[in-house]
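The structure is given below, and queries will be raised subsequently.
Labels for the chains are A, B, C, D, E, F, G and H, by order of writing; each one numbers its residues from 1.
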Amino acid sequence: MNKQTEIIVSGFGGQGALFAGQLLAYAGMDEGKHVTWIPSYGPEIRGGTAHCITIISDEEIGSPFVRRPAAAIVLNQPSLEKYGPLVRPGGVLIIGGAFGEEHVSRSDIREIRVPAQEIANALGNTRLANVVCLGALLAATKVLPLEALERALANHLPERHRHLLPANKEALRRGAIFVPDQELAA
Amino acid sequence: MNKQTEIIVSGFGGQGALFAGQLLAYAGMDEGKHVTWIPSYGPEIRGGTAHCITIISDEEIGSPFVRRPAAAIVLNQPSLEKYGPLVRPGGVLIIGGAFGEEHVSRSDIREIRVPAQEIANALGNTRLANVVCLGALLAATKVLPLEALERALANHLPERHRHLLPANKEALRRGAIFVPDQELAA
Amino acid sequence: MTKQLWKGNEAVAEAAIRAGCEAYFGYPITPQTELLEYMSWRMPQVGRVFLQAESEVGAINMVYGAACAGRRVMSSSSSPGVSLMMEGLSYIAASDVPAVLVNVMRGGPGLGNIHPAQSDYFQAVKFGGHGDYHPIVLAPASVQEAIELTALSFDLAEKYRHVVIEVLDGSIGQMMEPAEMPEMQPVRLERPAWALTGATERPKNVISSIRIDSEGLEAHNLHLQDKLAHIRGCEVRYKEYWLDDADLVLVAYGTAGRIALSAIRQARAEGLRVGLLRPVTLYPFPTERLARLAKQAQAFLVVEMSAGQMLEDVRLAVEGRAPVRFYGRMGGAVPMPDEIFEVVRGLCYALRPPKPSGNGHHPARRPQPEDPGPQGAD
Amino acid sequence: MTKQLWKGNEAVAEAAIRAGCEAYFGYPITPQTELLEYMSWRMPQVGRVFLQAESEVGAINMVYGAACAGRRVMSSSSSPGVSLMMEGLSYIAASDVPAVLVNVMRGGPGLGNIHPAQSDYFQAVKFGGHGDYHPIVLAPASVQEAIELTALSFDLAEKYRHVVIEVLDGSIGQMMEPAEMPEMQPVRLERPAWALTGATERPKNVISSIRIDSEGLEAHNLHLQDKLAHIRGCEVRYKEYWLDDADLVLVAYGTAGRIALSAIRQARAEGLRVGLLRPVTLYPFPTERLARLAKQAQAFLVVEMSAGQMLEDVRLAVEGRAPVRFYGRMGGAVPMPDEIFEVVRGLCYALRPPKPSGNGHHPARRPQPEDPGPQGAD
Amino acid sequence: MAKGRITIDPERCKGCEICTTVCVQQIIHLGDQFNRRGYRAAVVVDPEGKCTGCALCALSCPDTAITVYRQERLREPRLEKMAVVLA
Amino acid sequence: MAKGRITIDPERCKGCEICTTVCVQQIIHLGDQFNRRGYRAAVVVDPEGKCTGCALCALSCPDTAITVYRQERLREPRLEKMAVVLA
Amino acid sequence: MTDMQETVVFQRPETLEDTYTNYCPGCTHGTIHRLIAEVIDELGIRERTIGVAPVGCSVFIYNYQNVDFAVAAHGRAPAMATGIKRVQPDKVVFTYQGDGDLAAIGTNEILHAASRGENITVIFVNNATYGMTGGQMAPTTLPGQKTTSSPSGRDVEIQGWPMRVAELLAPLPGVSYSVRRSIHDPRHINNAKKAIRTAFRAQLDGMGLALVEILSACPTNWHLTPVAALEWLAKHMLPYYPVGDYKISEGLQ
Amino acid sequence: MTDMQETVVFQRPETLEDTYTNYCPGCTHGTIHRLIAEVIDELGIRERTIGVAPVGCSVFIYNYQNVDFAVAAHGRAPAMATGIKRVQPDKVVFTYQGDGDLAAIGTNEILHAASRGENITVIFVNNATYGMTGGQMAPTTLPGQKTTSSPSGRDVEIQGWPMRVAELLAPLPGVSYSVRRSIHDPRHINNAKKAIRTAFRAQLDGMGLALVEILSACPTNWHLTPVAALEWLAKHMLPYYPVGDYKISEGLQ
């Protein structure tokens, strides 16, 4: 049976949301899946919030857009407010930081708060928070094996960041192990 | 019964073909007729040939264009060649000069050659040839009384040519008397 | 007020002035130029603004500016010049400001020629700019009607805060006919509340066509669509001739419409049951009237000075209930009444088998020796 | 050749280069800009011409020049920029020279926004410039298809000496998908006989769109119309999905097409007999295929990211033989699969009364609380 | 030395650090807090009252996030003083 | 004085009278005949052979209706002479 | 010390809306907006001023200034301003335009507005790039400057030399005032403001088109920090675009 | 006298087609066409020259010169020439443009072609009016000059001052050559030809855009006889539009 997973990644410009989504797409493609990646584009990226949708599917993908994704990574408060309520029942929401603690958790999805910034800082690079969250996402959704993303990192990290590959892989792993291997919420 | 008369006036730029057609339209309008006047417009007027179509009718006029007019005034050779053959059987063709003498006359229309240039010269103004032809046309077609055209001249001659009014009227008259008062050809 | 002999272009100019047009911006192009030239002396004479722009792009954006200031304003041009205005018109349309444009259409595409044509129908009616939009499009068939529709253009533009395009073909711009000119209307002095007149004792006004989020832009588009729906409901105008008992209905506008009228007179004289629907508004289009006619008529014949553009709107109205045939001339060529009469006669004879059995549509083509032209219903 | 993840805009650029595009002239505008940016490094890399023009007007006229020189040449822009090209495109069209333009459509009218839209359909297909003319219009629905249609654009442009417009909506320009890139084609070195290459050992060539007499211009228009008729006969392309037994036929192109596909999958999973016709060429339009479907299907649903433009071409094809309903989003809003699915389900239930009894068409409107959205046949 | 004081609107500040560079007294620094729009706003730390109210920071701030106050003699009309800075 | 001669193409001439004005020898005049396009073409009347072949008429003619000939010594290369006029 | 009192010596001008802008950190569009607002306040013309916004990063200037505003099509602000001003010559009309807007697509409109001597004020913000669309080459991009559409640096052999707008327009008789200023340090900011004031004064005196070209930083597309961007401006832009007065009509000195 | 022989000292250049033109009597477009044709002949470049015609009275220049020709949209000849030349830099490309074409609607295209230093030759025919459309005001119409769209004479207060194109473009670094000439008498005609030759040479040497502005008569729309038109040109146009060299790059002297 066809399985299709839609993932929204969202955060401030500079938090690497778009790149995280692209990494998922690369990893999915290299695994032989159908994938699409689409950003919200334009000036609001500057300063404002950027988000993208990655779809990974066993079958030719119809709409590259989705209203209610299977999973979302939110890297800041406005993203949490916007996309938290949209995740499909049974889906996964990765909250990548200490913001929005007053927000009312949903019981019909699995919400995972990851101290991504702290983990990234611990790895010596604040910009790795997005990759930490990716690790958590993969662990929680099993949409792709962790190794697929590691390969994608190895293949698609921009040349000038190549030296950060080990740190990236470590970030991924730490994000993943952060997620307890529990059953998915109903 | 509705009577509609279409008249084409054609000549070199500067020969006053457009103005002659307009005079007809003014005269028709002042007589309470429906009229339209339409020029061939644009750069070909410069240097080349200019022509216009005037329609005078008892009834609201449909097409301002006509392929086969009831009458035509041609002021030069190319106009004769172009419009001579188009006059409707039973119609009138005023040939306003000594050109095109080799042309084959039609028997199904009334062809009237008017020495318009000579008459105009005699009146002391070479530019009156067009008005001479108008006189001939009115005499031959009876589309409007001569007086209607005289009134139109009086009302619509541009200010700067006002002093030429008597000469214009005379040109009209000479053109008219040039045409023998014969029955229209079949 | 007695009739005067007016040239179409000049009549439109004077009519605009009498309708209270306060500013004109334009650029010369044949066969529209007399309109601009008339404005060049007449506007200053009555104390209004005339400015020859550096281009049609400049002109339409000057119009946009003056429209934002709440003024009755117009421009005029001819086909290639109008193409250059597409972006500006789209902005004006998006901004809910009133503006009037006159397109004295000529033969295209490209530089083409300066002879009369109707081949900018799609551009005007479907709208050649980007985005979902239709201007109100008016098409006079005589100088008198051009005068009346010019006044109407300003009224409609203002009423709906909308772009109005008056399309004349070159021959209506160039021809002279007796016509009556309405009285001079006083220029309206108070400015609409939305106009950019300086934020004196009111919050600032902003006129903008950007709506960066799709929600906002969609809502705005829905508003524009509502306006269009309202216009479609209220502003359809057309003229009918001999339709009561017509088997064959001609549909033609502007000059083609009056030429068709000549042909129909000829046909009626032969006893043929032919009538004419002449749309006066091209947008909104008399769709409903045509739909009703489709129940009565056995066939339609669309006549245009184009390859067949309004034809599509007629077919959309008739929806296959009767065959719709087409006769068109292109490139500045004007069909002659006798030409159309021939087609009409041919169609009428072919209509004898009383039930239309199909819906043929010949591509635009003037009859040629090897091409018998439009045939009867097939 | 393995698949790579390509961004739509960049894929089109690379595909153009591999198809032998020798020159690119353009001007930045979102959401098209990556295409221009890609060209800015890649064209010089392969020894071809890249030039950022001073404007879209400049760009299209540079394209015109290079096209006259017999080169494969292209430009790209997005909606407002394309509006500025209308005059130039009309000239190119009138001159029988091949040229390719990519319009990555965004929300309009006016400045609008940069989100994906399909509201330039009329502009492209009916043609927003002046004169009788239609470009060939291609509409890919995926990055892979964008690559293929880009190559096809150049081939068709050259084959017919014609303007080809490839319309992507913004999302196809911006999205990334795995796609295979064809091999690099060698640049064709010999120049067409008509090209302006200097009158060496041949009579001079002249490329002009002026034909001052109406006879000449009409003859030229007849030639253009013949070409279009030929194109309509040979170049229709579309994709079908689940049409064999469909009661309800969706018609949608580009992104709307693939979103419709998602909705149909959902509907099929519920056992609803729904199919999709996705036009790949918008001009020529798959009129005949639709006319045939009109005999089979009980209803049509057109889905567009516009107020309903292709809708008219569908209705012209269906000609009242079945109801044609519409669902559209505007202003950069993109319909979601579940949204379309709801409409589809509603229509299917309403179709139970087996015979369609009318032909309703709701104006474009997204369903809102007070508006139940498109209804069944009425 | 004139005595001054500034306030920085933390929601308007984008942390561009132009003011921190331009202040010769070196009393403006980037804070640790992110504001609602994700920027680390500048803060003034002036326990010693070094601020002269020179307004160079405010003049340079692209986001007009800074307001400057100065201790002035009462009789001097306020507007005239402004003009010196703004002229 | 150099000796020359001109011809005027009557069909190309538009009777603009620029050449008649420019010729110092005053030997070009407007003719009486209208040509096919309705213009009275210029004619040269030079019974006394006044034409110097100076080519000013030809140089000034907007319609390049005039051809100019000159009596020249054989040995001088023709092209060089031309250059004097045309340079 | 009893006769001392705290007074505000710097605060937001009234014409500047009490909102934040969506510009990038360190973007000096904000600075220029403020200067214009201050001048409008000081001249007391807010209630009769109409701004014409460009298409560019500053398209939303209408959100930031409390005067009537129109947003022109890309490059057409001078034409739109012409329309607005011609029908209400008593109003104060200014355009605010970027270098892509004014010096690329809109060159015809600015040149002819200048040539006609339209009585408007033009604030021309030259940041040597197309900010809004992501940093492509502008007509004012410096030789060798890398942008997203001149990735190996502007090559003057291929793309030509940058355009100097203030110098180009100055000779036109319709132009009353044409100067270049910069905003990279407080002194230059003050001078820019003075020029803006003069440019509005020229309009109030009916002298013809007045233009202030202002060198402005685009840290985002220059890929520099805001502070480094100002330094880059001073180091690289100033030499090619000298600050100076290219035309000051009599009566404006 | 035996060593005398009659030789042709003046005849139609080969590049000038053996046909008559549709210009008005005394229209000096014809003169300029001939000069260009002579230069093309003399430089021996006929077979690799491509002309770009404007929209204006000279739109039919392609009928009069025996070289490859394209007809541009109104004002866009420099853009079209850019397209043609960029893809075949070995060809010789020139535009021929009127004052409405180049200095009104097409100002952006000429200015940016000049700014980019397009290696083309521009023949700019300034007759101070829109000839083709019947004599409306052009950007180059003189102050006080009556036209069909400035019926009481160009009022510089309203319509601005005439534009001096040769001077305007000269400062641009992309321009190799910018001069003004006239054709109102044989001496000026000869000088105009020399300038045209230099402007083609500039292109052959790859030096950038070369422009020759030529004052030309439009007797029809000036409502003067051809001879009086030439006199009017000398008397009224020359003072405002001085014949002169506004830029001659090194290597062209």
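By definition in this document, a residue touches a chain if its C-beta (ideal position, glycine included) is under 8 Å from a C-beta of that chain, and two chains touch if they have at least 3 such contacts.
The shown structure was predicted, so the numbers you read here are calculated from the model rather than taken from an experiment.
Minimum number of contact steps separating chain B from chain C: 1. The chains touching chain G as well as chain H are C, D.
Chain centres here are means of the Cα atoms, and by that rule the chain farthest away from chain D is F.
Most remote from chain C, judged by the distance between CA-atom centroids, is E. Computed from the mean C-alpha positions, the centre of chain C lies at a distance of 41 Å from the centre of chain G.
For the pair chain A and chain C, the distance between C-alpha centroids works out to 55 Å. Annotation for chain B: residues 42-44, 47-48 touch two or more other chains. The set of chain C residues that touch two or more partner chains comprises 30, 51, 54-55, 57, 80, 87, 91, 110-111, 113-115, 208-210, 212, 334.
Counting partner chains per residue, chain F shows two or more touched chains at residues 14, 37. Remark: chain F residues 4-5, 11-12, 14-18, 21-22, 37, 39, 53, 55-56, 58-64, 66-75, 78, 81-82, 85-87 touch chain H in the complex.
Here chain G touches chain D in the complex through residues 55, 59, 71, 73-75, 100, 104-105, 107, 130, 132-134, 136-137, 139, 148-152, 158-159, going by the rule given at the top.
Chain B contributes residues 22, 25-26, 29, 34-39, 41-43, 61-68 to its touches with chain C in the complex. Taken together, the chain D residues at the contact with chain H in this complex read 22-23, 25, 49, 51, 53-55, 57-59, 61-69, 71, 73, 87-88, 91, 196-201, 204-210. Within the complex formed with chain C, the residues of chain G that make contact are 46-50, 52-53, 59-60, 62, 66-73, 76, 79-88, 91-92, 108-109, 111-112, 116.
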